[in-house]
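Next up, some structures in structure tokens.
Below, chain A partners chain B and then partners chain C, in two separate complexes.
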Partner chain A sequence: MAGTAVRGRLTWQTATVGAVMDETPAVRTLSLEVPDWAGHRAGQHLDIRLTADDGYRAERSYSIASAPGEPVAITVERLDDGEVSPYLTQELRAGDEIEIRGPIGGYFVWEPPGTDGAAPLLLLAGGSGVVPLRAMLRYRSRVGSSVPARLLYSARSWAEVIYRGELARLGDGVQVIYTLTRQQPPGWTGYARRADPEMIAEVAWPVTQAPLAYVCGPTNFVEAVAADLVALGYPPQRVKTERFGATGTP
Partner chain B sequence: MSPISRGFHRRHQETEPAGRVPPGQYVTSDFPVLSAGPTPHTALANWTFSIEGASSPASWTWEEFQALPNETVTVDIHCVTRWSKLDTSWTGVSLDVLLDAVSSDAPYVLAFCDGGYTTNLPVADLKGGKAWVAYNYDGNSIPPEHGGPARLLVPHLYFWKSAKWVRGLRLRETDAPGFWEMYGYHMYGDPWREQRYAGD
Partner chain C sequence: MAALEDGVLDGNAIGGLLLELFGTEMTTAVGTCAGCGTVAQVAEMAVYQPKLGTVVRCRSCDNVLMVFVEVRGVTCVDLRGLAQLA
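Right after this comes the complex of A and B.
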């Protein structure tokens, strides 16, 4: 449990919305121009603060979707009964200003080998839990790492898969395996069920390769998948998790 | 001056009495789960709760722990990720009872847990009917993902201080950061002062 140095104060700063990109009908990626960004690690998150014209404020945390060294970006899934995500995905425009602070977190992060040998990377995503894992994959490409990586991505349907085009172009050394739990396109030959022990045993790197696993998604997904990995012999400290709440944090 | 987000407004009217919910929090009826790794499962036969670092340390088996006087309390809990849950009901042993079993003037503890999690707390925040080691939630055993068989319950601080799967306290002369505190979260974590991160 190696800690990083405790940082100084995280101050709020104003970010300007740059490019806006729709990933799926309910998911949007916002790139943020932040004048004074200290840099981030793959897997960290940031806080956003919105202020209404009557002074009402709301804060939320979002995973950072971009790799270290890239401009800050977040990918937001709209939750219809949410307060902040509908605004971020439907109202916010390029050029608008919002407040952010970060980066936050230091445990659910991936660093390319050097620090961790050639440990193969196992990424397990449920729904929008793919966001911080995408930052890790982009970082892996960006630094030219040859660490073998596998992503199992559980989504309800093909239309709800985030970063579809990008995940198809990851190139050598990265395998992306989908399971579509509710609806599959005609001719689908991939998995079509919720992640279960048999599926995890099929996609997981053998324990003998000392893999490093990152699991992110809704609680049920993360609880089940992390337990499956431990049952396969993964040491718990090699299985890092990040969970959403019962209905997701808006 | 914070920029105003035109078109952004409060979606949910506040129904809680003023002063019930700390700044920056919203009320949820769910019970979200946040943990950094897999949920550990310790057999009750192997479970102990220990207080270390005193001249005569104390330790209880699960059976001995169940025999200690317990309390059922209804408290509000506040997670640093911004959800608050009101009127949660827990049964457990007051830290007053547990700390009475040892003789120590140490001002801090580091709580330790199955799975390797730790968190630091001042002893003063554990005494005076403010903190418990809880083993029941809402009348039933605490589900493993919520920290069962037993977790700390220190509701006046952000909920990461209420360590899941707690197995004991190490008394300390100095305050040392625990797991999340090493990653930049606040050493104390008072939700009413929004002490989320170091320096807040």
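Right after this comes the complex of A and C.
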């Protein structure tokens, strides 16, 4: 094989942690300075690799939280029994270095119209599945897209909602609908149950508008919501899915 | 098509592994199951990651499509469950 075939290959590189911001008590956004970043698309992810002193390695994937054109950022939820997330959310400081590989993925990405007409955007998030969808919404604002967008965000409680302030300020053509599955603040008038077919039917754009749906969250959330959308008549190829496993589940 | 259980991932999760192995974005590559003929993008396939490595299965018939195991820094790739990957 010619050396040139290998040169362009994606491989591990060193990123430096920049600003660190707490989103909720268990969730932190890390901005990363990556010297050779190729630029990313909305919805892509990157891999992080940690190496212990004894050589033991752990790898995890994290969705990129920032829009294309913005500095790379990831939002990490701490899993108390996790190998990687406690380190990322509690130990890492600005100026620290970590190994990353990315950007990754071409399936769960959103491009503003031009490539896809004026298809309304339906975003469905379970827990920290909101992260790549937030990148899409930021990108939509950044490029001045007028595509109508609707986000259904399922979280256990209001305290666990990530990007609360930002989502409240989206305005212009973006609607954010919450369902709080375990605990609701006093006077809560929104949904207060797990996403179900009735809820999905209420929030989904009519099929006749040829919407494009992105569903991201724990596997059981994604399986249920994607099935509900297909039952409503959404063509499976218009329902993009990304599942978080036990290692990344909210 | 049975619903996947919690903890089972999809092909998005192995985009980095595949990019390193194949040298190109593979989550949008289309694979044909050698067992039942189902055609799907890699991102749509079911991914299991036990400690030993990565197993990719067909969503329709559960046939094992791809297996990746790293042994002393070398990744072994078994694609026998795919009739085609393009």
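General observations
Just so we're on the same page, the second predicted complex is superposed on the first by the 237 of 250 C-alpha atoms of A that agree within 3 Å, B and C clash if a C-alpha of one lies under 4 Å from a C-alpha of the other, contacts with A are read in each partner's own complex, and residues count from 1 in each chain.
The rule is short, and it goes like this: a contact is a pair of C-beta atoms (placed from the backbone, for glycine too) under 8 Å apart; a residue touches a chain by one contact, two chains touch by 3 or more.
No experiment lies behind these values; they were computed from the predicted model shown.
Applying the stated contact rule after C-alpha superposition, one finds that A:Arg243 touches each of chain B and chain C.
By the document's definition of touching, of the two partners only chain B reaches A:Thr51; chain C does not.
Of the two partner chains placed by superposition, A:Tyr214 touches none, neither chain B nor chain C.
In the superposed model, A:Ala224 lies in contact with chain C only, and not with chain B.
The wider contact with chain A, measured as residues touched, comes from B rather than the other of chain B and chain C. Judged by the touch definition given at the top, the superposed model places A:Glu83 against chain B, while chain C stays out of reach. Looking at the shared chain after the overlay, A:Thr14 reaches chain B, while chain C stays out of its contact range.
In the superposition on chain A, contact is made by A:Ile98 with chain B only, not with chain C. In the superposition on chain A, A:Trp205 makes contact with neither chain B nor chain C. On chain A, the surface touched by chain B in one complex and the surface touched by chain C in the other have residues 6, 8-10, 59, 61, 104-108, 219, 223, 227, 241-246, 249 in common. Of all residues in chain A, those touching chain B in their complex are 1, 3-4, 6-10, 12, 14, 49-54, 56-61, 81-83, 86-87, 91-92, 96-99, 104-108, 219, 222-223, 226-227, 229-230, 236-237, 239-247, 249-250. Residues of chain B that touch chain A in their complex: 2-12, 24, 26, 28, 30-40, 81-83, 115-116, 145, 177, 179, 181-184, 197-200.
In the complex of the two chains, the chain A residues touching chain C come out as 5-6, 8-11, 45-47, 59, 61, 101-102, 104-108, 218-220, 223-224, 227, 241-246, 249.
Residues 3-13, 15-16, 19-20, 23, 25, 27-28, 41-44, 49 of chain C touch chain A in their complex.
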